[in-house]
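Think of it as A, B, C and D in the order they're written, each chain with its own count starting at 1.
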(Lines give C-alpha, C1' and ligand atoms only; values in the text may rest on other atoms or scores of the structure.)
Protein backbone atom coordinates (compact mmCIF):
# COMPACT_ATOMS: atom_id res chain seq x y z
CA UNK A 1 0.00 0.00 0.00
CA UNK A 2 1.54 3.27 -1.15
CA UNK A 3 0.49 6.77 -0.18
CA UNK A 4 3.35 8.92 -1.44
CA UNK A 5 5.96 9.28 -4.13
CA UNK A 6 8.90 11.62 -4.63
CA UNK A 7 10.77 12.61 -7.73
CA UNK A 8 13.21 15.34 -8.63
CA UNK A 9 13.07 17.30 -11.82
CA UNK A 10 15.25 19.92 -13.44
CA UNK A 11 13.67 23.09 -14.84
CA UNK A 12 14.45 23.21 -18.55
CA UNK A 13 14.88 26.19 -20.83
CA UNK A 14 11.47 26.05 -22.55
CA UNK A 15 9.83 25.70 -19.11
CA UNK A 16 10.82 29.32 -18.50
CA UNK A 17 9.17 32.46 -19.83
CA UNK A 18 10.31 36.02 -20.50
CA UNK A 19 9.94 36.87 -16.81
CA UNK A 20 12.92 34.56 -16.28
CA UNK A 21 10.96 32.05 -14.20
CA UNK A 22 9.17 28.79 -14.81
CA UNK A 23 5.82 29.42 -16.48
CA UNK A 24 3.03 28.65 -14.02
CA UNK A 25 1.41 26.03 -16.23
CA UNK A 26 4.47 23.80 -16.01
CA UNK A 27 3.85 23.10 -12.33
CA UNK A 28 0.80 21.18 -13.56
CA UNK A 29 2.94 19.24 -16.03
CA UNK A 30 5.28 18.37 -13.19
CA UNK A 31 2.37 17.19 -11.00
CA UNK A 32 1.16 14.94 -13.77
CA UNK A 33 4.65 13.55 -14.39
CA UNK A 34 4.86 12.60 -10.69
CA UNK A 35 1.38 11.06 -10.79
CA UNK A 36 2.32 8.92 -13.79
CA UNK A 37 5.65 7.88 -12.26
CA UNK A 38 3.74 6.95 -9.09
CA UNK A 39 1.53 4.62 -11.14
CA UNK A 40 4.58 3.13 -12.87
CA UNK A 41 6.20 2.56 -9.46
CA UNK A 42 3.20 0.38 -8.59
CA UNK A 43 3.45 -1.59 -11.83
CA UNK A 44 0.65 0.28 -13.62
CA UNK A 45 0.38 2.62 -16.58
CA UNK A 46 -2.14 5.42 -17.00
CA UNK A 47 -2.23 4.58 -20.71
CA UNK A 48 -5.55 2.84 -21.19
CA UNK A 49 -4.37 1.46 -24.53
CA UNK A 50 -1.96 -0.80 -22.61
CA UNK A 51 -4.65 -2.99 -21.12
CA UNK A 52 -2.31 -5.23 -19.15
CA UNK A 53 -0.75 -2.28 -17.34
CA UNK A 54 -3.73 0.02 -17.10
CA UNK A 55 -6.52 -2.50 -16.51
CA UNK A 56 -8.29 -0.60 -19.25
CA UNK A 57 -8.83 2.58 -17.29
CA UNK A 58 -7.69 6.17 -17.79
CA UNK A 59 -7.56 9.09 -15.35
CA UNK A 60 -8.78 12.44 -16.73
CA UNK A 61 -8.64 15.42 -14.45
CA UNK A 62 -11.77 16.94 -12.91
CA UNK A 63 -9.98 19.59 -10.88
CA UNK A 64 -6.50 21.06 -10.78
CA UNK A 65 -5.12 23.77 -8.57
CA UNK A 66 -1.82 25.28 -7.54
CA UNK A 67 -0.59 27.93 -5.11
CA UNK A 68 2.68 29.60 -5.99
CA UNK A 69 5.02 30.74 -3.22
CA UNK A 70 8.41 31.23 -4.86
CA UNK A 71 9.54 31.18 -8.48
CA UNK A 72 11.58 28.39 -10.02
CA UNK A 73 14.35 29.22 -12.46
CA UNK A 74 16.29 27.48 -15.22
CA UNK A 75 18.31 24.49 -13.98
CA UNK A 76 16.66 24.56 -10.54
CA UNK A 77 16.28 21.08 -9.14
CA UNK A 78 12.80 20.75 -7.66
CA UNK A 79 11.48 17.89 -5.57
CA UNK A 80 7.88 16.94 -6.28
CA UNK A 81 6.30 15.19 -3.32
CA UNK A 82 3.04 13.43 -4.18
CA UNK A 83 0.71 12.47 -1.33
CA UNK A 84 -2.60 10.64 -1.73
CA UNK A 85 -5.16 12.86 -0.05
CA UNK A 86 -8.46 11.17 -0.84
CA UNK A 87 -9.60 7.94 -2.46
CA UNK A 88 -13.27 7.65 -3.39
CA UNK A 89 -15.10 4.95 -5.29
CA UNK A 90 -14.32 6.53 -8.66
CA UNK A 91 -12.02 9.45 -7.87
CA UNK A 92 -8.69 10.22 -6.23
CA UNK A 93 -7.13 13.44 -5.08
CA UNK A 94 -3.38 13.91 -4.97
CA UNK A 95 -1.58 16.65 -3.09
CA UNK A 96 1.76 17.86 -4.46
CA UNK A 97 4.37 19.81 -2.52
CA UNK A 98 7.21 21.37 -4.51
CA UNK A 99 10.48 22.01 -2.69
CA UNK A 100 13.86 23.26 -3.70
CA UNK A 101 17.00 23.41 -1.59
CA UNK A 102 18.37 26.80 -0.61
CA UNK A 103 21.52 26.84 1.51
CA UNK A 104 21.05 23.12 2.06
CA UNK A 105 17.51 23.45 3.41
CA UNK A 106 14.30 22.40 1.66
CA UNK A 107 12.05 25.37 0.93
CA UNK A 108 8.47 24.97 -0.24
CA UNK A 109 7.98 26.77 -3.55
CA UNK A 110 4.47 25.66 -4.49
CA UNK A 111 1.65 23.37 -3.49
CA UNK A 112 -0.99 21.90 -5.73
CA UNK A 113 -3.57 19.20 -6.16
CA UNK A 114 -5.17 17.11 -8.86
CA UNK A 115 -8.51 15.36 -8.58
CA UNK A 116 -8.82 12.60 -11.15
CA UNK A 117 -11.64 10.28 -12.13
CA UNK A 118 -11.32 6.67 -13.20
CA UNK A 119 -12.85 6.10 -16.65
CA UNK A 120 -13.15 3.55 -19.39
CA UNK A 121 -13.64 4.23 -23.06
CA UNK A 122 -17.29 4.45 -23.95
CA UNK A 123 -18.32 5.70 -27.34
CA UNK A 124 -21.99 5.93 -26.40
CA UNK A 125 -21.18 8.20 -23.45
CA UNK A 126 -19.24 10.63 -25.64
CA UNK A 127 -15.87 8.97 -25.34
CA UNK A 128 -15.50 7.95 -21.72
CA UNK A 129 -17.50 6.89 -18.68
CA UNK A 130 -16.64 7.06 -14.98
CA UNK A 131 -16.17 3.64 -13.35
CA UNK A 132 -15.23 2.24 -9.96
CA UNK A 133 -11.46 2.11 -9.47
CA UNK A 134 -10.30 -1.46 -10.30
CA UNK A 135 -9.69 -3.53 -7.16
CA UNK A 136 -6.11 -4.36 -8.18
CA UNK A 137 -5.24 -0.66 -8.28
CA UNK A 138 -7.30 0.20 -5.21
CA UNK A 139 -5.45 -2.52 -3.27
CA UNK A 140 -2.12 -0.75 -3.76
CA UNK A 141 -3.06 2.83 -2.92
CA UNK A 142 -4.09 4.32 0.40
CA UNK A 143 -4.65 7.77 1.83
CA UNK A 144 -1.59 9.32 3.45
CA UNK A 145 -1.52 9.53 7.26
CA UNK A 146 -3.21 12.67 8.55
CA UNK A 147 0.00 14.06 10.02
CA UNK A 148 1.55 14.21 6.54
CA UNK A 149 -1.39 16.05 5.01
CA UNK A 150 -1.48 19.80 5.58
CA UNK A 151 -4.78 21.08 6.86
CA UNK A 152 -6.73 23.52 4.78
CA UNK A 153 -5.38 23.07 1.29
CA UNK B 1 -14.53 50.62 -16.10
CA UNK B 2 -14.34 47.07 -17.39
CA UNK B 3 -15.26 43.92 -15.54
CA UNK B 4 -15.34 41.29 -18.26
CA UNK B 5 -13.81 40.22 -21.53
CA UNK B 6 -14.64 37.54 -24.06
CA UNK B 7 -12.53 35.86 -26.69
CA UNK B 8 -12.86 32.77 -28.83
CA UNK B 9 -10.06 30.35 -29.46
CA UNK B 10 -9.62 27.30 -31.61
CA UNK B 11 -8.11 24.15 -30.11
CA UNK B 12 -4.95 23.36 -32.05
CA UNK B 13 -3.31 20.02 -32.75
CA UNK B 14 -0.50 20.26 -30.18
CA UNK B 15 -3.07 21.32 -27.57
CA UNK B 16 -4.38 17.75 -27.70
CA UNK B 17 -2.89 14.64 -26.13
CA UNK B 18 -3.07 10.91 -26.86
CA UNK B 19 -6.46 10.70 -25.13
CA UNK B 20 -7.76 12.73 -28.08
CA UNK B 21 -8.73 15.73 -25.98
CA UNK B 22 -7.16 19.04 -25.02
CA UNK B 23 -4.49 18.52 -22.38
CA UNK B 24 -5.72 19.96 -19.08
CA UNK B 25 -2.79 22.37 -18.72
CA UNK B 26 -3.84 24.26 -21.84
CA UNK B 27 -6.95 25.60 -20.14
CA UNK B 28 -4.54 27.62 -18.02
CA UNK B 29 -2.78 28.90 -21.14
CA UNK B 30 -6.16 29.95 -22.51
CA UNK B 31 -7.02 31.75 -19.25
CA UNK B 32 -3.77 33.66 -19.41
CA UNK B 33 -4.29 34.53 -23.07
CA UNK B 34 -7.69 36.03 -22.18
CA UNK B 35 -6.20 37.93 -19.22
CA UNK B 36 -3.51 39.44 -21.44
CA UNK B 37 -6.00 40.33 -24.18
CA UNK B 38 -8.15 41.96 -21.49
CA UNK B 39 -5.22 44.17 -20.49
CA UNK B 40 -4.53 45.01 -24.14
CA UNK B 41 -8.20 45.92 -24.60
CA UNK B 42 -7.72 48.54 -21.87
CA UNK B 43 -4.58 49.94 -23.49
CA UNK B 44 -2.13 48.13 -21.19
CA UNK B 45 0.46 45.38 -21.56
CA UNK B 46 1.44 42.86 -18.92
CA UNK B 47 5.01 43.10 -20.21
CA UNK B 48 6.81 45.10 -17.56
CA UNK B 49 9.64 45.81 -19.99
CA UNK B 50 7.27 48.07 -21.95
CA UNK B 51 7.07 50.72 -19.28
CA UNK B 52 4.66 52.98 -21.17
CA UNK B 53 2.10 50.21 -21.55
CA UNK B 54 2.65 48.30 -18.33
CA UNK B 55 3.39 51.20 -15.95
CA UNK B 56 6.37 49.09 -14.93
CA UNK B 57 4.38 46.33 -13.26
CA UNK B 58 4.03 42.61 -13.93
CA UNK B 59 1.43 40.10 -12.76
CA UNK B 60 2.76 36.76 -11.56
CA UNK B 61 0.25 34.17 -10.45
CA UNK B 62 -0.22 33.27 -6.81
CA UNK B 63 -3.03 30.80 -7.37
CA UNK B 64 -4.51 28.97 -10.35
CA UNK B 65 -7.36 26.51 -10.45
CA UNK B 66 -9.65 24.84 -12.94
CA UNK B 67 -12.63 22.48 -12.85
CA UNK B 68 -13.15 20.35 -15.93
CA UNK B 69 -16.67 19.40 -17.00
CA UNK B 70 -16.41 18.28 -20.61
CA UNK B 71 -13.45 17.64 -22.87
CA UNK B 72 -12.42 19.91 -25.71
CA UNK B 73 -11.24 18.41 -28.98
CA UNK B 74 -9.16 19.49 -31.98
CA UNK B 75 -10.71 22.39 -33.89
CA UNK B 76 -13.33 23.04 -31.22
CA UNK B 77 -14.11 26.72 -30.93
CA UNK B 78 -14.21 27.67 -27.28
CA UNK B 79 -15.37 30.94 -25.79
CA UNK B 80 -13.34 32.16 -22.83
CA UNK B 81 -15.33 34.51 -20.65
CA UNK B 82 -13.19 36.47 -18.19
CA UNK B 83 -14.90 38.10 -15.22
CA UNK B 84 -13.16 40.21 -12.58
CA UNK B 85 -14.06 38.56 -9.28
CA UNK B 86 -11.97 40.47 -6.76
CA UNK B 87 -9.71 43.49 -6.73
CA UNK B 88 -7.51 44.03 -3.69
CA UNK B 89 -4.82 46.60 -3.03
CA UNK B 90 -2.14 44.43 -4.65
CA UNK B 91 -3.99 41.44 -6.07
CA UNK B 92 -6.77 40.58 -8.50
CA UNK B 93 -8.76 37.42 -9.05
CA UNK B 94 -10.23 36.57 -12.42
CA UNK B 95 -12.91 33.97 -13.04
CA UNK B 96 -12.95 32.21 -16.41
CA UNK B 97 -15.89 30.33 -17.88
CA UNK B 98 -15.22 28.16 -20.93
CA UNK B 99 -18.14 27.46 -23.24
CA UNK B 100 -18.54 25.70 -26.54
CA UNK B 101 -21.62 25.53 -28.72
CA UNK B 102 -23.42 22.23 -29.13
CA UNK B 103 -26.50 22.18 -31.32
CA UNK B 104 -26.43 25.96 -31.29
CA UNK B 105 -26.47 26.25 -27.52
CA UNK B 106 -23.59 27.34 -25.29
CA UNK B 107 -22.43 24.55 -22.97
CA UNK B 108 -20.04 25.17 -20.11
CA UNK B 109 -17.00 22.93 -20.46
CA UNK B 110 -14.75 24.24 -17.70
CA UNK B 111 -14.43 26.96 -15.11
CA UNK B 112 -11.25 28.33 -13.63
CA UNK B 113 -9.64 31.21 -11.81
CA UNK B 114 -6.34 33.00 -11.55
CA UNK B 115 -5.23 35.13 -8.64
CA UNK B 116 -2.42 37.46 -9.64
CA UNK B 117 -0.28 39.90 -7.72
CA UNK B 118 1.00 43.24 -8.94
CA UNK B 119 4.81 43.42 -8.75
CA UNK B 120 7.75 45.54 -9.77
CA UNK B 121 11.25 44.34 -10.45
CA UNK B 122 13.34 44.39 -7.31
CA UNK B 123 16.72 42.74 -7.30
CA UNK B 124 17.12 43.06 -3.52
CA UNK B 125 13.84 41.19 -2.94
CA UNK B 126 14.94 38.26 -5.11
CA UNK B 127 13.65 39.56 -8.40
CA UNK B 128 10.26 41.10 -7.69
CA UNK B 129 8.26 42.85 -4.99
CA UNK B 130 4.49 43.16 -4.52
CA UNK B 131 3.21 46.71 -4.96
CA UNK B 132 -0.12 48.52 -4.92
CA UNK B 133 -1.90 48.33 -8.28
CA UNK B 134 -1.16 51.57 -10.19
CA UNK B 135 -4.06 54.02 -10.03
CA UNK B 136 -4.29 54.28 -13.83
CA UNK B 137 -4.90 50.54 -14.10
CA UNK B 138 -7.12 50.40 -11.03
CA UNK B 139 -9.28 53.17 -12.52
CA UNK B 140 -10.19 51.01 -15.50
CA UNK B 141 -11.03 47.74 -13.77
CA UNK B 142 -13.93 46.90 -11.48
CA UNK B 143 -15.43 43.81 -9.92
CA UNK B 144 -18.19 42.20 -11.99
CA UNK B 145 -21.80 42.60 -10.75
CA UNK B 146 -22.72 39.90 -8.24
CA UNK B 147 -25.38 38.42 -10.53
CA UNK B 148 -22.69 37.57 -13.10
CA UNK B 149 -20.45 35.84 -10.59
CA UNK B 150 -21.35 32.29 -9.71
CA UNK B 151 -21.53 31.56 -6.03
CA UNK B 152 -19.12 29.12 -4.53
CA UNK B 153 -16.33 28.85 -7.03
CA UNK C 1 -6.46 25.38 -56.91
CA UNK C 2 -4.62 26.95 -53.99
CA UNK C 3 -0.89 27.30 -53.53
CA UNK C 4 -0.59 29.70 -50.62
CA UNK C 5 -2.17 30.81 -47.38
CA UNK C 6 -1.50 33.66 -44.98
CA UNK C 7 -2.37 34.10 -41.36
CA UNK C 8 -1.28 36.43 -38.59
CA UNK C 9 -0.54 35.31 -35.10
CA UNK C 10 0.33 37.08 -31.87
CA UNK C 11 3.26 35.83 -29.77
CA UNK C 12 1.87 34.84 -26.38
CA UNK C 13 3.55 34.87 -23.00
CA UNK C 14 4.24 31.13 -22.70
CA UNK C 15 5.69 31.18 -26.23
CA UNK C 16 8.61 33.17 -24.79
CA UNK C 17 11.55 31.88 -22.77
CA UNK C 18 13.95 33.41 -20.25
CA UNK C 19 15.99 34.95 -23.07
CA UNK C 20 12.97 37.21 -23.62
CA UNK C 21 12.26 35.89 -27.10
CA UNK C 22 9.97 33.29 -28.63
CA UNK C 23 11.32 29.80 -28.01
CA UNK C 24 12.57 28.36 -31.30
CA UNK C 25 10.26 25.33 -31.15
CA UNK C 26 7.18 27.55 -31.38
CA UNK C 27 7.99 28.51 -34.96
CA UNK C 28 7.17 24.89 -35.79
CA UNK C 29 3.87 25.16 -33.91
CA UNK C 30 3.07 28.26 -35.94
CA UNK C 31 3.92 26.46 -39.21
CA UNK C 32 1.60 23.63 -38.30
CA UNK C 33 -1.17 26.04 -37.32
CA UNK C 34 -0.92 27.66 -40.76
CA UNK C 35 -0.89 24.26 -42.49
CA UNK C 36 -4.05 23.22 -40.65
CA UNK C 37 -5.78 26.52 -41.33
CA UNK C 38 -4.84 26.11 -45.01
CA UNK C 39 -6.61 22.73 -45.06
CA UNK C 40 -9.65 24.23 -43.32
CA UNK C 41 -9.71 27.03 -45.89
CA UNK C 42 -10.11 24.33 -48.56
CA UNK C 43 -12.92 22.61 -46.67
CA UNK C 44 -10.76 19.83 -45.21
CA UNK C 45 -9.56 18.82 -41.76
CA UNK C 46 -6.27 17.11 -40.94
CA UNK C 47 -8.12 15.14 -38.28
CA UNK C 48 -8.45 11.67 -39.71
CA UNK C 49 -11.17 10.84 -37.19
CA UNK C 50 -13.49 13.25 -39.04
CA UNK C 51 -13.80 11.09 -42.13
CA UNK C 52 -16.07 13.49 -44.02
CA UNK C 53 -13.59 16.35 -43.73
CA UNK C 54 -10.31 14.44 -43.84
CA UNK C 55 -11.20 11.70 -46.36
CA UNK C 56 -9.71 9.37 -43.76
CA UNK C 57 -6.14 10.55 -44.11
CA UNK C 58 -3.68 12.15 -41.71
CA UNK C 59 -0.44 14.05 -42.37
CA UNK C 60 2.49 13.16 -40.11
CA UNK C 61 5.72 15.02 -40.65
CA UNK C 62 8.77 13.38 -42.20
CA UNK C 63 10.96 16.47 -42.15
CA UNK C 64 10.87 19.85 -40.45
CA UNK C 65 13.35 22.67 -40.62
CA UNK C 66 13.64 26.34 -39.75
CA UNK C 67 16.19 29.11 -40.20
CA UNK C 68 16.03 31.92 -37.67
CA UNK C 69 16.97 35.44 -38.73
CA UNK C 70 15.51 37.73 -36.07
CA UNK C 71 13.88 37.05 -32.72
CA UNK C 72 10.18 37.45 -32.05
CA UNK C 73 9.02 38.94 -28.78
CA UNK C 74 5.87 38.93 -26.64
CA UNK C 75 2.89 40.53 -28.39
CA UNK C 76 4.68 40.70 -31.73
CA UNK C 77 2.28 40.18 -34.60
CA UNK C 78 3.84 37.79 -37.08
CA UNK C 79 2.57 36.92 -40.54
CA UNK C 80 2.97 33.28 -41.52
CA UNK C 81 3.03 32.86 -45.28
CA UNK C 82 2.56 29.24 -46.39
CA UNK C 83 3.57 28.31 -49.93
CA UNK C 84 3.18 24.86 -51.46
CA UNK C 85 6.66 23.94 -52.68
CA UNK C 86 6.27 20.36 -53.83
CA UNK C 87 3.46 17.87 -54.29
CA UNK C 88 4.39 14.22 -54.80
CA UNK C 89 2.20 11.15 -55.03
CA UNK C 90 2.17 10.69 -51.25
CA UNK C 91 4.01 13.70 -49.86
CA UNK C 92 3.84 17.48 -49.83
CA UNK C 93 6.36 20.12 -48.85
CA UNK C 94 5.29 23.48 -47.54
CA UNK C 95 7.52 26.53 -47.28
CA UNK C 96 6.78 29.07 -44.55
CA UNK C 97 8.02 32.64 -44.46
CA UNK C 98 7.60 34.55 -41.19
CA UNK C 99 7.43 38.32 -41.39
CA UNK C 100 6.81 41.08 -38.91
CA UNK C 101 6.37 44.76 -39.61
CA UNK C 102 9.04 47.20 -38.47
CA UNK C 103 8.47 50.86 -39.21
CA UNK C 104 5.64 49.84 -41.50
CA UNK C 105 7.76 47.49 -43.60
CA UNK C 106 7.60 43.68 -43.62
CA UNK C 107 10.83 42.11 -42.38
CA UNK C 108 11.54 38.41 -42.72
CA UNK C 109 12.26 36.91 -39.33
CA UNK C 110 12.42 33.20 -40.14
CA UNK C 111 11.88 30.70 -42.90
CA UNK C 112 10.98 27.07 -42.53
CA UNK C 113 9.55 24.03 -44.21
CA UNK C 114 7.54 20.94 -43.42
CA UNK C 115 7.46 17.78 -45.50
CA UNK C 116 4.40 15.69 -44.69
CA UNK C 117 3.23 12.28 -45.83
CA UNK C 118 -0.33 11.23 -46.47
CA UNK C 119 -1.30 8.22 -44.32
CA UNK C 120 -4.23 6.11 -43.29
CA UNK C 121 -4.62 4.19 -40.08
CA UNK C 122 -3.24 0.69 -40.41
CA UNK C 123 -2.83 -1.45 -37.33
CA UNK C 124 -0.86 -4.12 -39.18
CA UNK C 125 1.68 -1.56 -40.36
CA UNK C 126 2.29 -0.33 -36.81
CA UNK C 127 -0.37 2.34 -36.75
CA UNK C 128 -0.25 4.07 -40.11
CA UNK C 129 0.61 3.47 -43.75
CA UNK C 130 1.58 5.95 -46.50
CA UNK C 131 -1.04 6.29 -49.22
CA UNK C 132 -1.55 8.30 -52.40
CA UNK C 133 -3.04 11.73 -51.67
CA UNK C 134 -6.82 11.51 -52.24
CA UNK C 135 -7.85 12.97 -55.58
CA UNK C 136 -10.32 15.38 -53.99
CA UNK C 137 -7.53 16.96 -51.95
CA UNK C 138 -4.99 16.80 -54.76
CA UNK C 139 -7.46 18.63 -57.02
CA UNK C 140 -7.45 21.68 -54.77
CA UNK C 141 -3.71 22.10 -54.16
CA UNK C 142 -0.96 23.07 -56.58
CA UNK C 143 2.68 24.05 -56.38
CA UNK C 144 3.28 27.77 -56.07
CA UNK C 145 4.63 29.61 -59.12
CA UNK C 146 8.44 29.47 -59.30
CA UNK C 147 8.80 33.22 -58.88
CA UNK C 148 7.20 33.01 -55.43
CA UNK C 149 9.48 30.22 -54.25
CA UNK C 150 12.93 31.25 -53.08
CA UNK C 151 15.75 29.29 -54.61
CA UNK C 152 17.92 27.16 -52.39
CA UNK C 153 15.90 26.62 -49.25
CA UNK D 1 37.87 17.45 -25.22
CA UNK D 2 34.32 16.20 -25.68
CA UNK D 3 32.55 15.52 -28.95
CA UNK D 4 29.47 13.58 -27.88
CA UNK D 5 26.89 13.17 -25.13
CA UNK D 6 24.11 10.68 -24.51
CA UNK D 7 21.01 10.91 -22.40
CA UNK D 8 17.81 8.93 -22.12
CA UNK D 9 14.41 10.49 -21.80
CA UNK D 10 10.91 9.17 -21.25
CA UNK D 11 8.06 10.42 -23.45
CA UNK D 12 5.52 12.09 -21.17
CA UNK D 13 1.77 12.39 -21.58
CA UNK D 14 1.65 16.04 -22.73
CA UNK D 15 4.42 15.27 -25.24
CA UNK D 16 1.84 13.23 -27.16
CA UNK D 17 -0.94 14.48 -29.41
CA UNK D 18 -4.30 13.13 -30.55
CA UNK D 19 -2.58 10.94 -33.16
CA UNK D 20 -1.25 8.96 -30.18
CA UNK D 21 2.39 9.80 -30.90
CA UNK D 22 4.90 12.35 -29.70
CA UNK D 23 4.23 15.72 -31.30
CA UNK D 24 7.00 16.49 -33.77
CA UNK D 25 8.00 19.73 -32.06
CA UNK D 26 9.08 17.86 -28.94
CA UNK D 27 12.00 16.27 -30.74
CA UNK D 28 13.45 19.79 -30.82
CA UNK D 29 12.86 20.18 -27.09
CA UNK D 30 14.69 16.90 -26.54
CA UNK D 31 17.61 18.06 -28.72
CA UNK D 32 17.89 21.22 -26.69
CA UNK D 33 17.71 19.31 -23.41
CA UNK D 34 20.64 17.16 -24.55
CA UNK D 35 22.60 20.22 -25.68
CA UNK D 36 22.13 21.88 -22.30
CA UNK D 37 23.03 18.71 -20.41
CA UNK D 38 26.15 18.44 -22.58
CA UNK D 39 27.17 21.95 -21.49
CA UNK D 40 26.49 21.08 -17.86
CA UNK D 41 28.61 17.93 -18.21
CA UNK D 42 31.52 20.22 -19.16
CA UNK D 43 30.95 22.51 -16.18
CA UNK D 44 29.14 25.22 -18.13
CA UNK D 45 25.63 26.64 -18.25
CA UNK D 46 23.87 28.08 -21.28
CA UNK D 47 22.26 30.63 -18.97
CA UNK D 48 24.08 33.85 -19.70
CA UNK D 49 22.80 35.35 -16.46
CA UNK D 50 25.07 32.95 -14.55
CA UNK D 51 28.30 34.62 -15.64
CA UNK D 52 30.60 32.20 -13.80
CA UNK D 53 29.13 29.17 -15.56
CA UNK D 54 28.27 30.69 -18.93
CA UNK D 55 31.22 33.07 -19.38
CA UNK D 56 28.53 35.60 -20.25
CA UNK D 57 27.47 34.00 -23.50
CA UNK D 58 24.19 32.53 -24.73
CA UNK D 59 23.46 30.23 -27.67
CA UNK D 60 20.40 31.14 -29.76
CA UNK D 61 19.54 28.87 -32.65
CA UNK D 62 20.09 29.90 -36.26
CA UNK D 63 18.93 26.65 -37.79
CA UNK D 64 17.02 23.60 -36.61
CA UNK D 65 16.00 20.52 -38.54
CA UNK D 66 14.69 17.05 -37.95
CA UNK D 67 13.90 13.97 -40.04
CA UNK D 68 11.30 11.62 -38.60
CA UNK D 69 11.54 7.89 -39.26
CA UNK D 70 9.34 6.23 -36.66
CA UNK D 71 6.90 7.61 -34.13
CA UNK D 72 7.54 7.73 -30.39
CA UNK D 73 4.75 6.90 -27.98
CA UNK D 74 3.89 7.59 -24.34
CA UNK D 75 6.39 6.06 -21.92
CA UNK D 76 8.86 5.17 -24.68
CA UNK D 77 12.43 5.49 -23.49
CA UNK D 78 14.43 7.28 -26.15
CA UNK D 79 18.19 7.73 -26.27
CA UNK D 80 19.35 11.10 -27.54
CA UNK D 81 22.87 10.94 -28.93
CA UNK D 82 24.47 14.35 -29.44
CA UNK D 83 27.50 14.61 -31.72
CA UNK D 84 29.43 17.80 -32.41
CA UNK D 85 29.43 18.14 -36.18
CA UNK D 86 31.01 21.53 -36.77
CA UNK D 87 32.71 24.18 -34.71
CA UNK D 88 33.25 27.57 -36.30
CA UNK D 89 34.58 30.79 -34.84
CA UNK D 90 31.14 31.87 -33.61
CA UNK D 91 28.86 28.92 -34.37
CA UNK D 92 28.50 25.24 -33.62
CA UNK D 93 26.38 22.53 -35.21
CA UNK D 94 25.19 19.53 -33.27
CA UNK D 95 23.83 16.33 -34.77
CA UNK D 96 21.27 14.35 -32.77
CA UNK D 97 20.36 10.72 -33.34
CA UNK D 98 17.26 9.41 -31.54
CA UNK D 99 17.11 5.68 -30.85
CA UNK D 100 14.72 3.44 -29.03
CA UNK D 101 15.13 -0.25 -28.26
CA UNK D 102 12.87 -2.73 -29.98
CA UNK D 103 13.36 -6.40 -29.14
CA UNK D 104 16.62 -5.46 -27.45
CA UNK D 105 18.06 -3.69 -30.49
CA UNK D 106 18.54 0.06 -30.93
CA UNK D 107 16.40 1.44 -33.75
CA UNK D 108 16.88 4.94 -35.11
CA UNK D 109 13.62 6.88 -34.86
CA UNK D 110 14.73 10.36 -35.87
CA UNK D 111 17.74 12.45 -36.69
CA UNK D 112 18.12 16.17 -36.28
CA UNK D 113 20.53 19.05 -36.00
CA UNK D 114 20.83 22.43 -34.36
CA UNK D 115 23.14 25.22 -35.46
CA UNK D 116 23.70 27.71 -32.68
CA UNK D 117 25.53 31.01 -32.50
CA UNK D 118 27.52 32.33 -29.58
CA UNK D 119 26.21 35.73 -28.43
CA UNK D 120 26.53 38.29 -25.69
CA UNK D 121 23.89 40.72 -24.55
CA UNK D 122 24.06 43.94 -26.49
CA UNK D 123 21.30 46.48 -26.16
CA UNK D 124 22.60 48.59 -29.04
CA UNK D 125 22.50 45.59 -31.40
CA UNK D 126 18.86 44.87 -30.59
CA UNK D 127 19.46 42.57 -27.67
CA UNK D 128 22.35 40.37 -28.63
CA UNK D 129 25.50 40.27 -30.73
CA UNK D 130 27.44 37.31 -32.19
CA UNK D 131 30.88 36.85 -30.62
CA UNK D 132 33.79 34.42 -30.90
CA UNK D 133 33.27 31.32 -28.74
CA UNK D 134 35.16 31.86 -25.46
CA UNK D 135 38.48 30.00 -25.42
CA UNK D 136 37.60 28.16 -22.20
CA UNK D 137 34.55 26.63 -23.86
CA UNK D 138 36.28 26.07 -27.19
CA UNK D 139 39.06 24.19 -25.38
CA UNK D 140 36.64 21.55 -24.16
CA UNK D 141 34.68 20.83 -27.34
CA UNK D 142 35.87 19.21 -30.55
CA UNK D 143 34.28 17.89 -33.71
CA UNK D 144 33.36 14.20 -33.59
CA UNK D 145 35.51 11.77 -35.60
CA UNK D 146 34.35 11.48 -39.20
CA UNK D 147 33.42 7.82 -38.83
CA UNK D 148 30.81 8.75 -36.20
CA UNK D 149 29.21 11.41 -38.37
CA UNK D 150 26.77 10.20 -41.01
CA UNK D 151 27.40 11.60 -44.45
CA UNK D 152 24.78 13.72 -46.07
CA UNK D 153 22.68 15.00 -43.24
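Here is the rule we use: contacts are C-beta pairs under 8 Å (C-beta built on N, C-alpha and C of every residue); 3 or more make two chains touch, one makes a residue touch a chain.
A quick note: this is a predicted structure, and the numbers were derived from the prediction, not measured.
Counting steps between touching chains, the shortest path from subunit A to subunit C takes 1. Ranked by distance of CA centroids from subunit C, the top chain is A. Look at the contact of subunit B with subunit C and you find the same residues on each copy: over half of the numbers used there are shared. A count of C-beta contacts for the chain pairs A-D and A-B puts A-B on top.
Distance between chain centres (mean CA atoms), subunit A to subunit B: 24 Å. Subunit A and subunit D, compared by their mean Cα positions, are separated by 29 Å. For subunit D, the set of residues that touch two or more other chains comprises 13-14, 18-21, 25, 29, 32, 47, 49, 74.
Viewed as a contact network, the protein chains are fully connected, with every chain touching every other. Residues 18-21, 24-26, 28-29, 32, 47, 49, 58, 60-68, 70-71, 126-127 of subunit D are the ones touching subunit C in the complex.
Partner subunit B is touched in their complex by these residues of subunit D: 13-14, 16-21, 23, 25, 73-74. The residues of subunit C lying in touch with subunit B in their complex are 12-14, 20, 29, 32-33, 36, 40, 45-47, 49, 74-75.
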